[in-house]
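This is the structure, below, for whatever I ask next.
Which chain is which? They are A, B, C, D and E, in the order written, and residues in each are numbered from 1.
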């Protein structure tokens, strides 16, 4: 009997589809039939998936980001709990704590995490830095000084994809780097208004504001991969992004540690890494056969070999920290190393806050970023408003 | 038995009641013309008879059957419209046979009736054309043909000739009249605002104004004894001359006086006894005024002369105002010339100034 | 000096030449009517005179000036259209003054001219209304008013009354005639396809057919001596009766013969000497036939009777075909009745059967 | 007996009336039934449901609790919504008037008896065949300072030429207007051209005899006659304004900042991205109220009150 | 003197105005053609040339590779079949949707303008207001409704959605057009014994050609260009071309192949473009024939 699995995801680009293919091949090898349903854009794909679940015609498995996106699906009994498999596979032991927390609701696993993305990497062009005789910065004040020097040389200091998401991503990098993990958690997690009113926060916001001067005027509206391309082509020096950006460098034939480097900007120490990732969830079903297919999928997803292969292609690191990453690139190894110390792990915004709250903050950030006349105080005001109102 | 009988019918468009308890009987084989100015309700009445409009109360009988709630097709009527209303995408033949085909009449029967109607109307050679390949007159013939094949006992015409030019109008008018004669017992109800059409076609004319019947009568009656000012003015071209004045008691009975114009009313048939001193309007048709060197009224000056071929209309005026006179074309008269007018008292009409009713 | 002179004008729409070297002289103060059926080129000629259409060759003179290349506004003309062509959403006053305002005429002058024109046409009380608040007749008055204020020496009318109903048409017709008289030296060129309008208004009528002039003459000439079959048939309502036949040499000169109908042509004014035995068409106007018990031709049977108020048209036929007779309304006649017809030879017209030209 | 025979007709009439009405109108009613169902279920039903949800705290999935007007007070405290509302006003006014003006000009110029008229007409009309997504992508490309017009002109030897509206907070909304007009002007042209062709030729002649300059005739005489066409065009364009979404997403994603956010995007984002159905539906309800209060009187006067021609 | 006697045709001067007319029209045409030009040019260039070159310039190395790639081998997710699959899906959605929505619109317009049905005008008013409401509002409830009836995610479902949202415009167009037809025609047909349907199919529909053309053009454009309904309701087997276009154009990783994007965009716009170019003339005529009566 055919074991047919329809998988709905939004990994449509070349690198992403190569990664997905790892799973697909593995699944096929295991005797199943992988029906690939890729829809570009997380929003579109999720909306389609949720609509289908609500409509009673769900795919076998669908992609989500780690975090609160699927909370309500759980409360509404639309998702299957996979705690049995989790216990069998000891997921709680082999995965980073924050990822486990993000996948568990009411004490049960409801999602299968497949990778870990670091979100606040600084990618830099080694050649540009070498030519300018500069070192990659370790703290944000340093970064601003470095940036000014680069700018004077006619190089774009920071390449930024000028869409609200990436502006917000940059803000989070600054917040966790300059404000620290605690402030980051208080801000996105507990919505601590006291923390927002603190001088540290204001300083961070002002620092973030100063970065505007280091971004080229063509940024607004730019896609993030076009921004990455600026670094690849030596037009820009630095680029904050998640490690998925590595795919771009790889596609351009560049190697981590050679043409480009990655680092975490923070307090000067090894740095805090904001981690999130992708998960798959499994719509609840009463059909035995369907459940069996899902079981098989789970096996495939967390199989160490496919984990390694998948994450190499995807640019992320395996969600199983027990996998040997020596065959991966320098950035991945660095990432793996940083994560060994749980105190360096910072939960991504998606894990801490609801999409609604992050959205509200994103609105505030993009307004602040695009309006040089807006003061840090005004921004704080807005953020407090969002904390109060956003559900 | 009357062919069509409209009994106490009220038609209403929402709040607006067009007719309020109108009754009308039409005899079998009669040619009835509904005559009136635009908006007087002619089409409404016709549509109600045809069943294209629902009546709000009252009944409509056709051929001795109460058809108030029948479908148009079941009333035994046929209708011809001003705008021809030919089905544009069908050939003439298809246009004419549409109704029969709807009624599932056998093919040979359809064929026969269409050919017969086409022959009657001399449109056999047009049968395979489409309406847009026809002239106006031909189109209206086809429309009449379409009505003919229905074999109806009552024909309804809604201003069928209004879209045609004068020449064609005259031709088709005669043809319709001939058709009526030929069909024998067929009743025709014909709507028009053209009084010439009404006069020439009708057995009886129903004059309507503002949704009210003003007068029903033969063309001759209507022309000679209009029952009120409206009918008098509406029928006849050139229009009747109206002169405001009063009735005075004279030596030989009553006399009409308007300024220095005076007219003894000997021989005038009053519909009821009149007192002197009422305000009245005197109506005289232009052809009943005769030009003379010495006449009833004198001191007129010619204003405008309108030669119309056979006759000439002379507009002449004195101090009291101007009058139209219809003269035989032969006499040459020129503007500025002086003349006197003779009046035949038996031909005039008198109306009450306030009600407009004939006295 | 003629007011308008069209000299050897050719108008062409691409390949289609409407006129080919047409010439026409119109005298000052004259009222000229261009009469002809639809498509005969009346509007084209008028537009060419107005400068709204370019002529391909030839010249147009107005008031002694060659205006062939002038803009319409500089030709000293004013024009009135069938569709009124009033500027929508402007008040009557604005409509009338628009041209003057564009020409930067001083305000008081504009005021004066508009008021004067409005008074002449009795539309002073309408000056502040908008066209869509006016009836058809009022609209056309405004259109005439707009022409009046232009102070033109030549007025061009393109079927101004065709959109009006019969009653209004008659009224406005007289008014235009009065206006012409009042304005004195103003020349008017008036286009119509209605022969009654042409007859009543014109000093001279130009009859057109298929872009060719058929006859130019006074209404009387045209009516009595139509120069060919077309003119004879086109002018006069009811239409002239045509009877095909041949000329035979009789005892007292020529005689018309058609079957058993015979008519000695004593007194008929031939335009040139005729041989016997030609195929001809005899034209007799219905009013020149008299109903008699014994007449020139007998054995007629009444077909259709059309009472028209003052007169009655009687269609009667014998073996040769049917004829229309116009009788005085007084005589009652009914279909089926027999009668004989009397003919006045001096009033008939004879045409060559092949060319249609008057003999 | 007597009374009965007199009253007979009026007794039988009503029954006959009902039968008659049913017989003649049943097919028409049946034919309209599917549409009526759709109107009831989809248009009215969904809208009521939407309004109802705006009073709940629904997040990812709809739920039917009751929080009163809480979402509305949030909505009106929300910068982005207010900016969206302001943007849609700016866009609506400029887009509609822009399309009308450009469309009118195009129609007038095409009406000048030009050669290649049908070619011009097709060229002007083709953008309407493109989806807003395509329009957006094309214009984003063309207006992008680094790729499009600005670069082009600079490469041609004007290094200081700047046209950066697309990335300029204050001007970005106008680039959307430009793209919108590009898309809609052709349709407006077609509608107005149809109107121009319907103008009575005698009017033109009258104006020429009166010596009125052509442009003046267009303004004072023709324009008023085009009113019904202008209304039609405005209505068609207005339906596009309220739904404005794809174009913004394709061109600017609402940015820079929130400079080009529009209500439909606000609704869409909150429904599907932000898991905040309640706020999204509240915004939708506000849009609905705005649309209905502007249009209802017009629709009522123009379409509901006016009866069919059969009386 | 020196002036020739005026005769014949008025001398035509090439006036400033005339030149101005053409100048304006050509400028406008350029403005309107520019995006199309850029898209076509870009789709015909290899990537290097796009990165360096001038966007409006003609390609120096003409290549149709991008087109064939977009058509048959561009990838979305794991499937690399280009947008050709979506093209045929779109066609399958388009034809029944257009046909059905036009038929329904015509029947509605006919019933509304020739027959009196109680409440029909109110229904029509609500429908019209519905034309102004953003579609997004309807998505959730419609998904619910369709899944309840069990046709969610099928060809039938997407067709129904298109018909439903085409109703307001189609009904309005046909209603207005039919109001312009002489009512006498309908009366004549009634007297001839035509019923609701026979009058519609035999008399009214054959007269509707101009409006059918306009409606077809509008619906083809609207339905072909739809993205959101296709995505939400069509189901995986029936995803229309626009969804695949979105997948290709908005994939967020890897260098963007602008030439392929543009070629795909052009391919996606092809059907409505062809429809416009072929029938633009009738469009204007059809609009003149009644679509414009407000």
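The rule is short, and it goes like this: a contact is a pair of C-beta atoms (placed from the backbone, for glycine too) under 8 Å apart; a residue touches a chain by one contact, two chains touch by 3 or more.
Per UniProt, the chains are B, C = ABC transporter ATP-binding protein; D = Sugar ABC transporter permease; E = Carbohydrate ABC transporter permease.
Model, not experiment: these values are computed from the prediction.
Note on connectivity: the fewest chain-to-chain touch steps from chain A to chain C number 2. Relative to the C-alpha centre of chain C, the farthest chain centre belongs to A.
Note on chain placement: the centre of chain C and the centre of chain E lie 54 Å apart, centres being C-alpha means.
The geometric centre of chain A is 40 Å away from that of chain E, both derived from CA atoms.
Centroids built from CA atoms put chain D at 52 Å from chain B. Multi-chain contact residues of chain A, defined as those touching 2 or more other chains: 47, 54. Residue numbers of chain D whose C-beta contacts span two or more other chains: 271, 307, 310-311.
Taken residue by residue, chain C touches two or more other chains at no position, since every residue touches fewer. By the touch rule above, chain B contacts chain E in their complex via residues 47, 50-52, 71-73, 77-79, 81-90, 98-99, 102-103, 143, 146, 150, 158. By the touch criterion given at the top, residues 75-79, 139-140, 143-144, 146-147, 152-153, 231-232, 236, 243, 246-256 of chain E touch chain A in their complex. Against chain D, in their complex, chain A makes its touches with residues 43, 46-47, 50, 54, 68-73, 76, 162-164, 217-221, 354-356, 358-359, 363, 366-367, 369-371, 382, 385, 389-391. Residues of chain C that touch chain E in their complex: 54-59, 66-70.
Taken together, the chain D residues at the contact with chain A in this complex read 57, 59-61, 74, 77-80, 140, 144-146, 164, 166-167, 169, 172, 251-259, 269-276, 278-279.
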